[in-house]
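Notes to accompany the following structure.
In this document, chain identifiers A, B, C and D correspond to the written order of the chains, with residue numbering beginning at 1 in each.
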Amino acid sequence: MSVEFCGLRLAHPVINGSGTFDAIAARRAFGDALAEAFPFSAYVSKTITLEPRAGNPPPRLWETAAGMINSIGLPNKGLAAYLAEDLPALAGLRADPAGSADGERAAVPVITNVMGSSGEELARLVEACDEPEAIAAIELNVSCPNVKTGLDIGADPAQLQSVVAGLRGRTAKPLIVKLTPNAADVPAFAQAAQDGGADAVSLINTLRAMALAPGAGPARPWLGGGTGGLSGPAIRPAALAQVAAVAARVAVPVVGMGGVQSAAHARDLLDVGATLVAVGTESFRDPRAGARIAAGLQ
Amino acid sequence: MSGPTDGAPFGRRLARVAANERLGAYNVLRVADPAMTGVLPGQFAMLAAAERWGGGEDERPFLARAFSVARQSGEESSYVLEDVGPGTRRLCELRAGDEVWVLGPLGRPFAAPEPDAAGMRRAILVGGGVGIAPLAILQDSLGADATTVLLGFRDRERVPGAELLRGAELATDDGSAGHRGLVTELLERELVADAHAAVYSCGPAGMLEGVRAICERAGVPAQLALEAGMACGFGACFGCVVPRRGGGYLRVCVDGPVIDAAELEHVEAHAGAPE
Amino acid sequence: MSVEFCGLRLAHPVINGSGTFDAIAARRAFGDALAEAFPFSAYVSKTITLEPRAGNPPPRLWETAAGMINSIGLPNKGLAAYLAEDLPALAGLRADPAGSADGERAAVPVITNVMGSSGEELARLVEACDEPEAIAAIELNVSCPNVKTGLDIGADPAQLQSVVAGLRGRTAKPLIVKLTPNAADVPAFAQAAQDGGADAVSLINTLRAMALAPGAGPARPWLGGGTGGLSGPAIRPAALAQVAAVAARVAVPVVGMGGVQSAAHARDLLDVGATLVAVGTESFRDPRAGARIAAGLQ
Amino acid sequence: MSGPTDGAPFGRRLARVAANERLGAYNVLRVADPAMTGVLPGQFAMLAAAERWGGGEDERPFLARAFSVARQSGEESSYVLEDVGPGTRRLCELRAGDEVWVLGPLGRPFAAPEPDAAGMRRAILVGGGVGIAPLAILQDSLGADATTVLLGFRDRERVPGAELLRGAELATDDGSAGHRGLVTELLERELVADAHAAVYSCGPAGMLEGVRAICERAGVPAQLALEAGMACGFGACFGCVVPRRGGGYLRVCVDGPVIDAAELEHVEAHAGAPE
């Protein structure tokens, strides 16, 4: 079931959640099989920032009941190195034919996810992503719970709208706004993103969460970053409610995610109005989960 | 045995348990898994029971768990398990015929010893507790005569683990076998006797830090097989990092698990590896 | 480990979450053993409203990964019948000695949880609860995701503060405000409750969630109420983060809850600053969970 | 057998599985559980496997599951299970010696038949599918000769369930045994022959609604053992409701599971009971 999303034709509706699949590392681990049978119909990069970031100190992971908390802290090599080194390495990915009805190996467009700590930073990121052919769309991460952005656009719809409006003019490429789930009225943020000129919205990002170190001794947070974000099946029912509410509110396409493990879970998100479904945590357990789910949707 | 492999099969696969036998405090899990043939010493796999992976302590496990391949005989892989929580407990329960999800072989293996001006350095394998696992397959490839093996165990129940290697000299915390004390004390003695050696080590972070410091002082190259809490095992989650000397982090699953001691300032204990 | 909470001395720090334990029905099911070894050190009633409510149409339950969604809709017999029939029937509960160090069967005070759709309604509820001896404290539910309250005090800190301030004068009894977890800045609501004169805050209530009916046919929500609230272990990591953030922000005692199944989970909440811990969903699986957890805390 | 019991033991208990045998498409789970002695026909228990309750389909089950006590012989309780999802699947897996959590006996049992002007009404037991369970223990208490038993099954695989009762007349959807058609057709025939009867019924909602309507038309009293998705089984969650005639809702776990047909407008299929 090939699908059209913001002018992109995709082999199937299943993509990866940003930061949950490193195609370059995976290619090193699994060889060319990965590139020739890529599990997703589009590849979303980990969040890229203007400057390189080392990320949070370990431990960065905590397993929870039917889920996990991460406090990765957006490690990335920075915009320049991403464009110079990673982008070329991402060329030539082909979607696993198992996921596409016609069984052909469609090319896999790259969606670059970016985060900035000011409108000005975001502007530079968006402009830089506007040039390269190899970038098919841009996703704005305004919702990472593990990083203090100077910007509070994850918390104020009006501010989000003006920031998006300020970026809209700087690229003709599809602009996807990734919303925070840690809000009382998520559809209001989706509306603001749409009013600002976004071509699509994606949700949900992880839920703010915490764990204490096990064992005796004084209580201390387990995660090096203090708090983190909850993902996986545990959050799926909350994700479905937020995606349904957002899809009911806005006209632009919605990328729904949160705890998807099976085609049935993906179907639920599509049924409540999502155009695409993203898989994150489940790929850790099953690197081919995206293709398995896409195949199950046919 | 030089550098990473050309790649594991893409995707996890179902494999059948051939046997799961007690070895003192450990379990030796044998899995019929042709796809693992060609695994290199130091590489690991992500394992999960096909049935009922979950519903244990705190409703866990959920994610797959990382285990060093301890031996590969033909199409059968062996793993050494220590029950430290819900994931290892579930795997220790498995019976012959049960199925496990396997992803791998993964990660950077031990690098082959290379001769220097003074000729070939002798290989000293230093293992602690369940950290003996990758040293067993390493000894298989280097040959028993070419290796000096020093193993440390906490107590009598764990000593049987030494049977996985040949000619091991032992140290135990409780003195129940071999030297009463730390295996690192045996290593120091060895290096005083003859420092023209290369050390290959795996074990708890505290022991690895001792090995690292001793080898640094003695100017002996050391390769350390690290552990870290992992979600994916193939570089996707950026969760398994350890600090790299000179700043930044290494992903244990793809930059390791075998890391040259020179790349580390210290080996720190906090990333979810059982001590 | 007996504990002091808003002037009440409790046998141990474990109480029930409102709406997750019906002491009267349980007494019918289990006989006097229930009354003589009550699993909680205080009994929190289901939410009471001015008028009787039938609640939402079934189905009201959906099991999720390590949790459940409920859409009960606050069925209750209304204030008058609660005071006339239920309150007397709640007399004479004694805490399970297993939970208290000194092993004596302490009396179990009743905390009445109320919800109103206007400040005026809330005022009448609070005044009515102020009179009876048998009510030791009052909890305001401003956070039920399954009911449309005209009032939006779950969504606006300023409004919450003025409503609480308006109620403060109407009772000398401890006033506990149960906060919504479906907000960007939960500590701000806790602060508002404190500034309005609340003696304590409790959290978390359930997370907004949804499920679709299984099987073929057109997609429709499973729950009769459309959406519901997620509870159980799945939400524990989010609850711990919210309780920690709130306890760090306010001076009043905090009642922490969300997915608690064991003494270790309760300990985590106490360690991040909660004074009491409430158990909800786990009581469905193990009616004596409260006493088991209290015993484990000693 | 009149009204609710004085109370089940407070708290769930661990009990050992004595046997778990196939009976056609069903499993008969036998549990050594002295505390269940005194259970009344129509009462149920909440069951959960002590180990690995979770980690199945969609990471479930999580909550305990409700099952009618089908028989109590001395200190051993029997349950009839139909595998319809992760909870029943897990319970069907259990082997003798495994442990289960049991809470119960719970709920309102069948009320004993009482003579009226015309004397004692004969008891007609109408069961569908796994709904035979509470009728078996009911027949045990009323006596085989005092009861007319009509059972309906979907197909040949389920017919063996009839062995749990004595002298049952059968109806099957596929005609593989007895009358081809609905068990409610057998009931109508019985009531035409002799309407001085009392009906006790358990089965899928559709069948129960048929029984309710037929008995209403014939002016025959009926007690229906209902099902509903349950979280707790003891009145704590208010989740298991069905609409009550004249408005409001009944909690199936405490106001039922056995409910007088007169209290219901209709029996609706939606509260999570498998059809």
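Simple rule for what comes next: a residue touches a chain if its C-beta (ideal position, glycine included) is under 8 Å from a C-beta of that chain, and two chains touch if they have at least 3 such contacts.
This one's a predicted model, so the numbers in the text were calculated from it and none came from an experiment.
Peer 1: On the document's contact criterion, could you list the chains that touch chain A and likewise touch chain B?
Peer 2: Chains touching both chain A and chain B: C, D.
Peer 1: Treat each pair of touching chains as one step and give the shortest count from chain B to chain C.
Peer 2: The least step count works out to 1.
Peer 1: With respect to inter-chain C-beta contacts, which pair, A-D or C-D, contains the greater number?
Peer 2: Of A-D and C-D, it is C-D that has more C-beta pairs in contact.
Peer 1: If you average the Cα atoms of chain B and of chain D to get two centres, how far apart are those centres in Å?
Peer 2: Taking the average C-alpha coordinate of chain B and of chain D, the gap between them is 54 Å.
Peer 1: Could you please state the distance in Å, as a whole number, between where the Cα atoms of chain A are centred and where those of chain D are centred?
Peer 2: 48
Peer 1: For chain C and chain D, let me know how many angstrom lie between their CA-based centres, rounded off.
Peer 2: Whole-Å distance between the two chain centres: 34.
Peer 1: How big is the gap, in whole Å, between where the Cα atoms of chain A centre and where those of chain C centre?
Peer 2: 35
Peer 1: So which stretches of chain A touch two or more other chains?
Peer 2: Correct list: 62, 64-67, 232-233.
Peer 1: Hey, what residues on chain B touch two or more of the other chains?
Peer 2: 54, 58-59, 62
Peer 1: Based on which chains are in contact, what kind of graph results: line, ring, star, complete or other?
Peer 2: complete
Peer 1: Which part of chain A faces chain B closely enough to touch in the complex?
Peer 2: 19-22, 24-26, 28-34, 37, 46, 54-55, 57-68, 70, 72, 75, 224, 232-233, 281, 283-288
Peer 1: Write out the stretch or stretches of chain C touching chain A in their complex.
Peer 2: Touching chain A from chain C are residues 62, 64-67, 69, 154-155, 180, 182-185, 207-212, 219, 227, 230, 232-238, 240-242, 244, 259, 268, 271-272.
Peer 1: Under the touch definition given earlier, write down the residues of chain D that touch chain A in their complex.
Peer 2: 58-59
Peer 1: Considering the complex alone, what residue numbers of chain D touch chain C?
Peer 2: By the definition above, chain D touches chain C via 4, 6-12, 48, 54, 58-64, 101, 103, 106, 228-232, 234-243, 247-249, 251, 254, 268, 270-272.
Peer 1: Okay, in this complex, where on chain C does chain B touch?
Peer 2: 66, 233, 261-262
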